[in-house]
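What follows is a pair of complexes built around chain A, which joins chain B in one and chain C in the other.
Our next item is the complex of A and B:
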């Protein structure tokens, strides 16, 4: 790649919005207020599964201060994030499918009046038998027991099956075969900001909505469909998001209702969900049961693997179609696996819908895989670190399921983490009650395919230069705290040799900014970064041309640095950036350029090969040291080491921040957090007090080790740095517990109660349902389109 | 289904004819007069009546720490006190941390060290930190941890937040 030393990339700079966020200046959606604004509230179902016989709203509509009341009949069009599973309604029409499913919405002069009016709405429900577990869903195959009518088999949203290589022969070559079952409980994103949307409909028949959304583009599409307004009449602005983690990536009922009510009343309408509502809106981590069978040689070399996952999807599809594939896709990307079979099924249950949470569908199988490998290493008497190191996926290779691996820093991640944690000295050597555990993982740097299959770019950037040398960058990307606005500023500052603080960034506004698909799948740095570089380079061509003429220096000797355009050989020959822009505008007219990015073509072409593809894989390795009091089974995580191959750290502070936040979130999932329900479909813990999550006291010291592999597909070599860190930490906790006290907990979260039962030999293995999976799609590497590697 | 929220009781009180009252609040060193319902929380008065939206809310039930402000130098959950109870007190919100238009060292340290991700929890954390440093200018990392245990942050894993407070303790803010 380029030889030039970076002036911005790699520096621990402030985020462009850091001061605004620490002075209280940042205006989140609920901080916005418009004149004549009304307040919206949703009436939500108290029942998990029921037919709606009728709704009476007239008493509510008559209440003083109520401006409009709507029901399912007002918004009949279905929507959903995935084009092929649009099974959500803004307000339930015939049926409610989980407690909290919205059935009516009001707009009133205050939140208090809106709440009061909800009590006056009468809904006549005919209760139906609720389905609350994976097993029940698989057993309820009668047509009369369906939660949805559209899917082929009752209560099965999606079942998939793949076979890569000859499975029978693969297992036949193994010396030993190991089998395990696991359960990963569901949990919530719990962003500190509750969802909020404010919609305004003007007399010129245009709708504007400000929402705490991670995906303004998909919201734009969904609003157009549901409201039957052309996209050209809708403006979606993603307000700064107060925490997302995947939980604000779906189009939501409150966004549809705010818009519809604004259209009806002609006044702005704002919905701010309560904390309790966020637990029912959910879209969090899927509960997944898993079965894994692996054939290995006596030296630990993997020969064949068969993996089954059963996902509890909740009441709607959400991202579930992708999730079920994700639970099987990335098992092949870290260790060489010659033969692989995957079967997965996602069922509907009468609980709030699950969706994408940090790691989307991959933390569950990663937990299973890495604990399973730890058990295999233990039984074979091999060090678990060595077991992995001997069979890492090579760079520039294609996995058995057709995923293209470009760079991998996994070896370095593992070796560095092991060295820093003094693995060799500690493993099996710590006193009883104290242990150390290891795990590794891989993640995508953005989904290789868009949600709506089309040939358009995944990310677009537009840059405008003004006469004073000002630079404005426009991009549809959405800053959810990860720093995507800063990433744009860093790239453009690097390219133009200016200070990032001098750059204006305008993002996430569908009227102003070119489409970026959204802040999900860890795609933003790679995709917007590449798009921004492309736009900059178009402008640089013009700027270099005029600078070359003015300075009488050949264009290929020019560089941009320190706010100047100058000769590399004679740096004194220079003009200021602003002067150069003036000259360029004089010569070429108004200055602006666009850049865009689409991921490369991929080697596999079987049906279902779209999930797991990415421009580049990030790799992580984690070591967890913990202590567990054998009397109380209280677990205290002492320290976490995490090494991550991020390709290139754009800003080490931001990458470390993502690491620390991911580790924290992983520890919550491993030890505390669970989204669980009572028999009547009510959430057991729908409050921050009852839904236990780590505070400063439960969060240990975290040591992050960054590995840079300079990936050819990434901007300046960067890969993903937002989600991958979470993956290895959870299994490393379980493995450390085994090292500490000799018991395995294959069921998350690992609570003291489970540990005590395990110590007393009373913890049963996870039971996995039986299910008739469809016949597998068979594929082998080489059967698809071969795609040359970039180097 | 849903538990009764505080707002429902508010509505009842309103129907029972509770009227507005003129509140005199001393916020960030300025006296503000505002006519508002007597049953409004300080959080609501600050955000809705005074336009001080820097104070955030994550639960409105006293569980998350997001709404923390200082009342007479003590960190207080503004969702749990009424506006009327806060008269005659010195109230400081995140907007009042600035000095002569310059960010407080804590604010700068948080920005410099990447302690703000989504930023939503940050106002509450800054105020809790300031209250700690006012009382104990040289807390240990453990003492900072304890002081901040009631302020949830879902983004940062707290690490950079602790680092930023420590930086101020060491007097190393640029």
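Our next item is the complex of A and C:
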């Protein structure tokens, strides 16, 4: 990578959409209104598990103001985000699998009429026994107790098993073996904007849908499948998303129904979910039970680890196939682990489906791992920070499960966080009731593989230069608040030496923009950034050529800066960017270029090795200081330090924003949030008042420390900066609580009643079920294809 | 979004007219002040009035008169923001200012009134749900059904009395000035409530609260309100302790009242507090004894946030802390086991 002073990258610039958002100009999906528009509503199942004997819709259809009513028979094609687990229906056909599963949809002249008409739809249900826990799902193996029919073993969606290295020998070499169990409760994304979709059909038999989605491309594919329309007839526009966090990454029933109803009625149809419905649509954090066994040397060196996870998947697969792998994949990328065994299983239960939420499948095992290590350090009498520092994964190495680590700034993260938090002075030294805790983590910068198998790029960018110097960037990426539109503007501005405010960014419109796979797995900056650079450089070649001729300067002496194309040696020799564009268009014709990005090839080749791969890993370390009132067990987080290796901060302000948002979210998961259900399968409190999520008042001071490692695979060296921050904070809270009052809570969230029970010695340990995992896939480093490292 | 159902909104010009309208329209009508409790509940179908009689513009309900002959007079129509920020309220009754200021969020306090707050509907997380949810769960007796889902054997509803200001008013011996068809009457707050989640108010439906009177007798009393909730904003109390105490110059307790909220369907007066403390110099042991007595009469059920086991335990701690604050006595914090609890191991 060239050493160049950046003019845009690294500056705390305003987001390109900041003004529109703060002045209320941004039009979210629900702000859109079209003439003759109808309002849609879904009739949802009140039962967690039931067979549908029949549905009568005629009374509803006759209600004044109702334009159409549809049921499962109208949209029989199944879909789902993962190609191999297409088990969702827009409207349940034979069965409902959780409370809130949609069974019918109406389009009416107003929301009130639509709501009213739902009451006139009669569904004849045959109730079935609901399965509401991991244990019940594992116990219900009778064919008659199945939630789904397609999967091999009743109620097991996926069971996986891997062995990397010789586990027996690994444990035999250990001086001591430690074992722990943990439970991470499920929780919801809780974005401010509820899901919304508006669909319009015609007049040329073309469908347009505006949706608050993080993955317009995957929605495009799913709509085509379900509606049986060619993709060329469908246009998906991701409206500005008012928060996603993973919760808007699946194709959803309301999107299918809005489209179908628009096709039937010939009018635009809009669905906006209520807050309650978002808890039923869910796709949030999986509840996971975990068992971990680790063999260590007396000095704390890890010898072997065996990890088991049990995921409560809810009623459908969603991303679950990936999630189950993710609960095992990244244990190996922060600390050297010579031998590793992982077994995981995801079960179906009659609850809203779980899916990806910030950190997708990795916060749960990270919580278990980091608390487990804290316990080991405590028992061995080693400082937990030291325990980690002595065995960090090296840069340019391959882990025992075949993951390629390029750069790592974990050492710097840990050292800086420890120094800033005055760890040495505080650990074990604070008065009773106050404590400090540490944890570290790693995360991916974009999934290494796409969700459906294909050899095409993961991200595409197209740039058009206009006479007059206007620059428009087209990309399928979706800004969900994280700032991906701004990232595109920064890259292009950096490359062309212009002001980011002068760049027009057009994103997330399948008619206009090249495919980007979506805003998930922290992939956008790395992938769209690289694609954008490639497109820019193609154009720059042309621009430099004409500028070189005009200025009589060799091309390799040219640079673009301050709105000019100029000689580096004689900066006065310059033409304006606009003039250069005119000259180039005169010479080459209309100016445009595309760029694309696909992640590199990876070293491992075993079945299942696709999850956990990434162009680069981000690293984080966190220290949490908290106080706990020993009488009330109420916890107050006093301060959070978080150091994060983001490769390169495109915009430190945005990175800090992501950091603070992640810490806030982590504290919610650690201390209060839980998606829990009653015995009848009903969510206990599907409301934003009673589902407890922290407010600004519970959010402590957060100190973000950015570490830049300049990764060779990232654009300008950048890695992920959207999810990784969340991971270490949760275990650091649990570890800090132990330092404060000497009790361990291995079950999230850490609520005051649990702490009080623990103080009184009444908290039951987490139990994990027994399960026959399949025989492991065995693999050792070196068995895969050799891939040269970039450096 | 959940939509408000259709209803007719009537805006009377005087208290008298409001009372007349309510009497005429009968059970199909409800009074609405700030609407912060009522409107969300109408969206969820918990209340289904056809008529709403607005109290927002009634001049009779406005004003705070800090030094009226009988005591402090607070108009029922004053918002919680106004009450929480009023200098006289803050000076004499910091407990009330704190209670009013701890209700929900700033936006809601700007709309919500103190009159509405003392009549805020009792809460239960089987009841504070949408129509869809309640239908799916099977309706309970508080609305549309006939059993209690929390305690199926219970003959009455156990929904939780959740007002923040009411326990403070009870502890100060405040009196409600009720305007009914037959004129004005006074009723001590303590007598307005009844421990029945469905019929928790004893006043007649056509009686409106005009004002709250805190008697002069309460002027010299120290007072405090402690609220247990998960978060520093939004949340209703899941336990509240209001305490008021008069100490004479010798430090002898002349009167003491401790009132709990959110542990029953009405405010709970801890009778033992007066019995144990009045006429005595308050000691740590006495505080412990009152706290113990309070925990005995605190009967939370598992129908709001935080489990009943925890809330019952906290009754003791919160009462102790409230009384410590009033008396200035320093209490030792609970002894905690010295040995850390054994690490929990799986199979």
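As a working rule, the second predicted complex is superposed on the first by the 791 of 791 C-alpha atoms of A that agree within 3 Å, B and C clash if a C-alpha of one lies under 4 Å from a C-alpha of the other, contacts with A are read in each partner's own complex, and residues count from 1 in each chain.
Here is the rule we go by: contacts are C-beta pairs under 8 Å (C-beta built on N, C-alpha and C of every residue); 3 or more make two chains touch, one makes a residue touch a chain.
Just so you know, these numbers come straight off a predicted model, no measurement behind them.
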For A:274, decide between first (touching chain B), second (touching chain C), both and neither. both
Mind working out whether A:482 is in touch with chain B, chain C, both or neither, as first, second, both or neither? first
Is A:697 in contact with chain B, with chain C, with both, or with neither (first, second, both, neither)? both
For A:606, select first, second, both or neither according to whether it touches chain B, chain C, the two together, or no partner. neither
Once the shared chain is lined up, is A:773 touching chain B (first), chain C (second), both, or neither of them? neither
So, does A:742 touch the first partner chain B, the second partner chain C, both, or neither? second
Based on the superposed arrangement, let me know which partner A:46 touches: chain B (first), chain C (second), both, or neither? both
Just to be sure I read the superposition right, which of the two partners does A:678 touch: chain B = first, chain C = second, or both, or neither? second
Going by the contact definition given at the top, which residues of chain A touch chain B in one complex and chain C in the other? 44, 46-47, 99, 111-112, 115, 194, 274-276, 682, 686-687, 689, 695, 697
Interfacial residue positions of chain A with respect to chain B in the complex: 12, 14-15, 17-28, 30-31, 44-47, 99-100, 111-113, 115-116, 189-194, 240-245, 274-277, 480-483, 651, 653-654, 656-657, 659-665, 682, 686-689, 693, 695-697, 699, 701-702
How about chain B: which of its residues touch chain A in the complex? 1-3, 5, 7-8, 10-11, 14-15, 47, 52-61, 63-64, 66, 93-95, 97-98, 103, 106-108, 110-123, 126, 144-146, 148-162
State the interface residues of chain C toward chain A in the complex, per the touch definition above. 1-3, 6, 125, 128-130, 132-133, 135-137, 228, 230-235, 305-307, 309-310, 313-314, 317, 333-334, 336-337, 339-347
Seen from chain A, its contact residues with chain C in the complex are 44, 46-47, 99, 111-112, 115, 179-181, 194, 272, 274-276, 291, 375, 432, 630-632, 672, 678, 680, 682-687, 689-690, 692, 694-695, 697-698, 738, 741-744, 746, 751-753, 756, 758-761, 763-768, 770
